[in-house]
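Shared between the two complexes below is chain A, which has chain B as its partner in the first and chain C in the second.
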Partner chain A sequence: MTDGAVVARTPFTDAWTSFCRNRAALFGLLLIVTIIFMTLFGPLIYRVDPLDIVSAPLLPPGEDGLPLGTDYLGRDLLAGIINGGRASLAVGLSAALLTMTLGVTVGALAGFYGGWVDRALMRITEFFQVLPPLILAMTIVLLFRPSLASVAVSIGLVSWPTPARLTRAEFMRIRELDYVKAARAMGARNARLIWRLILPNAAPPLVVAATLTVGAAILFEGGLSFLGLGDSNAVSWGLMMGMNRPYLLDAWWATTLPGVVLFLTVLAVSLVGDGLNDALNPRLRER
Partner chain B sequence: MSPPVLAVTDLNVEFASRSGPVRVLRDLSFNVAPGETLALVGESGCGKSMTALAIIGLPPPRVRIVSGSITLDGQELVGANARTLSDVRGDRISMIFQDPMTALNPVFPVGEQIAEVLRAHRGLTRCQAMDRALDALKAVEIPDAEHRLRQYPHELSGGMRQRVMIAMAVACEPRLLIADEPTTALDVTVQAQVFDLLRDLRRRTGMSLILITHDMGAVAELADSAVVMYAGRAVESAPVDELLHSPRHPYTRGLIGCIPDIDTDATVALTEIPGMVPALSDIGPGCAFADRCTLARDECRTRLPPTIERDRGHAVACWNV
Partner chain C sequence: MRAMKVRYGIVGGLILATMTFAALAEEQKTLVVGTITTPVVNNALGSGTAPGTPGTQVFAGLVELDDHFVPQPYLATSWDVSADGLVYTFHLRQGAKFHDGTPVTSEDVAFSVDTVRANHPFGRAMLGPVDRVETPDALTARFVLKQPHPAMLTSVTTLLLPILPRHVYDNGPIRTNPANTMAIGAGPFKVAEFKAGQSITLVKNPDFFMPGRPKSDRIILRFYDDMQSARLSLENGETDAILQTSFGYGDFDRLKKNPKLNVFTDTFAGLGIVDYLEFNLRKAPFNDLRVRKAIAHAIDRKFLVEKFQGGVTQQLEGPLPPDHPFATKDLVHYDYDLKEANRILDEAGYKPDANGVRFKATLDAPTFSPDGLGRVADYLKPQLKRIGIEIDRRISPDSATWAQRLSNYDYDMAMSQIYNYPDPVIGTHRLFLCKNQIKGVMFSNTGGYCNEKVDQLLEQASKETDPAKRKELYAQFQKIITEDLPYIYTTTELPYGVAQKSIVGLPKTVLGTMAPMWDMEKK
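Take a look at the complex of A and B:
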C-alpha cells in the first residue's frame, strides 16, 4: 500500500482533482475570480463616481480619455460596469442563498417526513411553481419599495420551488438507503439522520443547483432592473442596459457592454456549476 | 434459571397489502437467555428479518405489530414511544446488517461514525467519544486502528467494514446484538473471521446474540439454540445439538439435508426441498409447509398443527411428530 506518502483522500479532494481536469470549469472559475476582484477592488483603483456626469452623452469608447465611453447622461460607462457588479453580485448571491435556504428546508422536510407533511408542502410548492415568476417577482417588488433587498427577496420567493423539488427527491431516495437504516438501528434520531446522514449525501446535486441558482438570480436581477424595477439609486448592469436601451441605434456600446459583462458572469457561474456537476456526480465521473 | 434478556411472546405482525392484510409473523414466541446465541433459521421470506426489525421497533412501511409482546430485560418494547425506542437502539439492542458495503455513511470517516453512536447514547464529548471509538476498533481486532479511525468507508475492504459495523454496534456494550446474515456478503475466509469475532465478543462482554441466517453451518458453529421459521411461523425450536442430531420437523430435516458433508461419499446426492416458499397471502388453514412436505396428509392441509414441546426445550409444530 502506498498510504502515508499520499495526501489523505477524501470525497472532497477527489472532487477537486476531478474538477481541475475540466478546463471549461477552470476557465469559469478564473473568470468568476476576476469579476469578483473587479467589483471588490475596481472602485478603489478606478476612482470615478458612476453617477457623476463626466463628459458629453453617448461618447464612443476611447474618446475623451474614457475607455468605454459614456451613457445617455454623459456618465462614465467603465465606472458604471465596475460599480454595477456590486449590486448584481450582491443581489444574485443573496437571492440564491435565500432560494436555497427556503428550497432545501421545504424539500428536506417534505422528503424526510413524507405523508401529510409532504402533501401539504408540495401543494404550497406547486402554487408558487404555476405562477409566472417574472410577474410574481415584479408584483412583490412593487408591493415594497424597489431596493436591492426587496429585489433579492422577490427573486428568492419565486425561485425556491426548483431546489425544493430536487432536495425532496434526494431525501426520499437517500432515506431508504442501507446506511440510513443502519444508523436508525443504532439509535439515531431524526435530527441526526437529516443533518449527518442525508443532507451531506444529498449535497453534490444541491451544490450544483446552488451554483446555477446564482447565475439565474444574477440574470433575474438584470431583468428586473432592465424593466425599471430595480433600485434606481444603485447602479447595476441590468439598470444600465435598461436606461440606455432607447439609444441602442446611436450608441450600441452603452447597452451592449454591460450586457456582455452580465453574460460573461452568468456563463462563468454556469461553467463552474457544470464542472461541479461532473466532479460531484459519481455516475458522470470517469474512473 | 436467570430471566431472559429478550422475550418475544405470541408476536403477530401484519403487512397491509393492497388486497388486504397479510400475516407475516404468526404467534411467534422465543426467549433469549443472557449470553445465549439464538439462531433464527429459514429461507428467504420466512420472516427472519421481519422479526429483527420488529424487535428493534423499525418495521418497514405498512407493516405493524398486531398483537404480542417483546420485552427487553422486562421492559415492554411493543407500543413504546419513538424516543424510548431510539434510546434503546444502539445502546441496549444493536443490529448489524447483511451488506457492510452499503451500511456505512460514505461521507464521514469511520471513527467519527462510531463516535457519534457513543455521543448519542453516552453523552460523551467529542474527544472522549473518539478515544472510545479507538477502543471499539481495537476490540474488533482491526489492525492499525489509529490509522483506520480516520479512513472513509470506501477505503476499507468488505471484511473491514463489517468489523467497523460490529464495532459501532457493540460500542455501547449492548445486552443483545442482532446479526442479520452478517456474513452473506463476505467471502468464506472472512466469514470465518467474523464468526470468530462474534463468538469472542460474546464471551468477553456477556451479551446475547440473535443470529439470523439460512446457513445451517453457521448455526452449528455459533448458536446455542435455534428457531426454525417457515412462512412467518416457528416450526421447530430446540438447542442446536438436539436440532442438528434429531430434527423432527420435515422442513428442518430438509434444511439439514441440504448441507454437504465433507466426510461422506461425494457421489451421494444432496437432498433438496421440492417447490418454493408459498406467498404469505396464499396460505390455507393448515400447515404452510404441507404443499412441499413428503409426509403431508389431509389433516396437514386443513388444520394448523399446534406447537408442542416434546422434551428438553425441543418444540415442534407438526402433525407427524
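Take a look at the complex of A and C:
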C-alpha cells in the first residue's frame, strides 16, 4: 500500500461523491448558496430600507437609479427582494424544522411502540391529513394574527403528517431488523434503541424529506402572504407579490420579479433534495 | 335515403337558425350589470350599494333625485309643504300597483316609514323627526314632523325610503321575511330569480306606471367581488355595465383608452365619499391633540392623489368633499411638513428611544378600497416612521374583520371611509354626535369624539330651514372638526362607472348605481 494517497471512504464521502455526479443537484446547491449569501449579506452591501418610500410608485426597472424599479408604494424593489429573502427563508426553515420535529416525534413513537400508541397517534395524524392544508393554515394564522411566527407555526402544524407517516414506516421496518432485535435481547433500553440504532438508520429519507419540506414551506409562506395573510410589517417575497398584484397590468415587474426569485429558490431546494435522495439511497446509488 | 338525410339536415339547420335568431333577439333586451354581492334585495334593511342597487330597481320611492339634487315626482306626483315646514303632504299616483297587483296606498307609505326608521342604519337620522304619517285617504300621505327637517325630501327617495307593500312585509319579524330576497315592490323590475352569492335576475314589470319604461326586458345583476375578474368581464364584453366600480385608479386611464368602453364619473356627487384616518380617542396618546396634529402634518395629500389615485380624486382637508353642497373652504390647514410634525412631538414630550421610536400604534384598513384606504394605510407605515411613530399594520382578511375591530373599539388608528350622501343629516352627523357611540355598530361614532359645541351645531343645522343659515352652521362645524382633528381627512373617493359604448340611457342621478335603470338599453 502506498501511503496516504487514498482518502478513507465513509458513508458521507460516498454520498458527497455521488451528489457531485448529479449536475442538476450541484446547480441547485450553487443557487441556494448564492441566495443565502444574498439575503445574509445583501442588506449590508445594498443599504436601502425596503420599507422606505424612495421614489414615485411603480417605476420600471432602471429608472431613477433604481435597478429593479419601485413597487406600488414607491419602495425600492431590489431592497425588497434582498430583504424579503430573510423573511421567506426564515419562515421556510423554521416551518420545516417544526414540521420535522413534530413529524419525526409522532412517527417514531407510533412506529416504535405500535399497538394502541400507534393507533391513537395515527388517528390524530389522519385528522390533520383530511383537513385541506391551506384552509387550516389560514384559520390558524387568523386565530392568532398574521406575523412571521404565526405563519411558520401554521405551516408546521399542517405539514407534519407526511414526515410522520414516513418516519413511522421506517421505524416499523427497522425495528424488526436483526441488529435491533439483537440489541434489544442484550437489554438495550427503548430510548437507546430509538436514538442510537433506529433513528440514524432511518435518517436518509428523512433528510431528503426535510429538504423538500423547506421548499414547500417557502412556497406555502408565499401563498399565504399572497392571499394577504402574511406579516405586513416584514417584507417577504410572497407579500410583495400579493401587494403588487392589483397593479400587475401596469407594472409587471413589481409582481413578477419577487415571483422569479421565489421560484428559483424553491427550484434550487428541490434540486438539492433530489440530489440528496439519489446520493443517500443505496439502491439508487449504484445506477 | 340520401335525400332524406339532406332534408333532415336542412330542417335541422332551419331550426337551429331560428333558435339562434330567437336567442339573439332575446339577447338584445337583456342587460348584464355587475354589482357587489348582497344578501338581500330589500334596501329598507341596509345601506350602501349592495342592497341599494337591486332595491332601487324593484321598489319605487316617493321621489327620485335628478342630477342636480332636485327631487322629481315618482310614486308621489306632487307634494305640499306647510308654511312652518312641519307638514309634508304627498299625493300618490293613481293606478300605481305592486308587482302582485295590489294598489299602492298611503297605508303602505306609513308602514314603510315605520319599517325603515326601525331597521335602516340611518332610519333614525332620516325619519326620526317624523312624528306620524297620517292617511286621510288611500292616495294621500301626510308626514307630520316634530321639528323642521330640511332633509325630508332627500330622505324619501327610493334608496332611503323604498315603499314596501304592507300586506307582504307586515308579517312577523321583517329580518326573516322571504320577500327580502324575492322582493315585491312597485318599481320598474320584478325579481325573477335570486341566486345567493351569484346573481339576481330582474324582469320587466309590464304594469309599471311610467309609460315606455323600463326599456329593457331583463337585467341580470351579476355579483363580482373580485375586481380583476369584473374588469376583465367588461373588457371582453361579458358584462354590459358596472355602474359603480371599486377598481383601482390605476385602471382608470387604461379603461378610458379602450374604444369599446364608456368610463364615467359624473353620477356620484350625491354620495360624497371621503377617506380619513380615524383615531381611537379613548386611548393615549391618540387622545392628545398634539399627536394628531403632528400626524396631520406628516401626510402628503398631493402625493396620495397624484401617485396613488391617478389624479382622479381630490385632496381633502375637512369632513365634506369640496363639491358637496355644504362644503366650506374655511378650514384649519395642516401643510405637509415633517419637520413641523417632529417639532410638535418633541415639544409634547414624546421622546424618541434609541431606535428613533416615540411610540407604537396599530393601523387597520379594510379591503374594499385598495387604492384609497389600503394603499394609504401601507403608505402611512414608512411615512409615520419618519416622525418616530412605529406602525403595526394589521392585516384584515376581509372588510368585516376591520369593521368588527373598529366598532368594538379594538384599535389605535384606522383608515376608514364614509358616504356623506346629499344631506349631512343622513350621512355626516353619525360620525360626530356624542350620543351616537354605539358599540358594535360600524359607521357610528366609533372613535369616541365628543364636543358639546359640535352637537349643538348639528342639532341646530338639522332643524334650520333657511338654506343660507344652515350652510353657515355646517361651515362652523367643519372648521371645529379641523381644529379638534378627531379624523384626519386624506382624499375624496371618486367611484367611476364603466359601460359598453352600446349601452344607452344610463341612470342620470347623483346616487350612482342606486337609481332605477329604467332607461338603460342596448343599441
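Operating definition for what follows: the second predicted complex is superposed on the first by the 281 of 287 C-alpha atoms of A that agree within 3 Å, B and C clash if a C-alpha of one lies under 4 Å from a C-alpha of the other, contacts with A are read in each partner's own complex, and residues count from 1 in each chain.
Here is the rule we go by: contacts are C-beta pairs under 8 Å (C-beta built on N, C-alpha and C of every residue); 3 or more make two chains touch, one makes a residue touch a chain.
Only a predicted model underlies this, so the values are computations on that prediction, with no experimental measurement involved.
Engineer: Taking chain A as the common reference for superposition, should the pair chain B and chain C be classed as clashing or as fitting?
Structural biologist: The answer is fit.
Engineer: Between chain B (first) and chain C (second), which, if any, makes contact with A:P57: first, second, both or neither?
Structural biologist: The answer is second: A:P57 touches chain C but not chain B.
Engineer: Have a look at where A:L229 lands relative to chain B and chain C in the superposition and call it first, second, both or neither.
Structural biologist: Touch partner of A:L229: chain C, not chain B.
Engineer: Treating the CA centre of chain A as the corner point, state the angle out to chain B and chain C, nearest 10°.
Structural biologist: Angle at the centre of chain A: 140 degrees.
Engineer: Let me test your reading of the model: by the given contact rule, A:T17 touches which partner, first (chain B), second (chain C), both or neither?
Structural biologist: neither
Engineer: Looking at A:R189, would you say it contacts chain B, chain C, both, or neither? Reply first, second, both or neither.
Structural biologist: first
Engineer: Based on the superposed arrangement, let me know which partner A:T139 touches: chain B (first), chain C (second), both, or neither?
Structural biologist: neither
Engineer: Can you give the closest approach of chain B to chain C, taken over C-alpha atoms and in whole Å, for the superposition?
Structural biologist: 50
Engineer: Could you pull out which chain A residues touch chain B in their complex?
Structural biologist: Residues 3, 8-11, 177-179, 181-189, 192, 196-197, 200-201, 203.
Engineer: Could you pull out which chain B residues touch chain A in their complex?
Structural biologist: Where chain B meets chain A, its residues are 56, 58, 83, 86-91, 94-97, 99, 102-108, 116-117, 120-121, 147, 150, 152, 155, 165, 168-169.
Engineer: Where on chain A is chain C touching in the complex?
Structural biologist: Interface residues on chain A, with respect to chain C: 49, 51-53, 56-58, 72-75, 138, 142, 145-146, 228-230, 232-233, 243, 246-247, 249-250.
Engineer: Residue numbers of chain C touching chain A in their complex, please.
Structural biologist: Residues of chain C touching chain A: 227-228, 248, 250-251, 254, 307-308, 367, 370, 375, 378-379, 381-383, 385, 391-395, 397.
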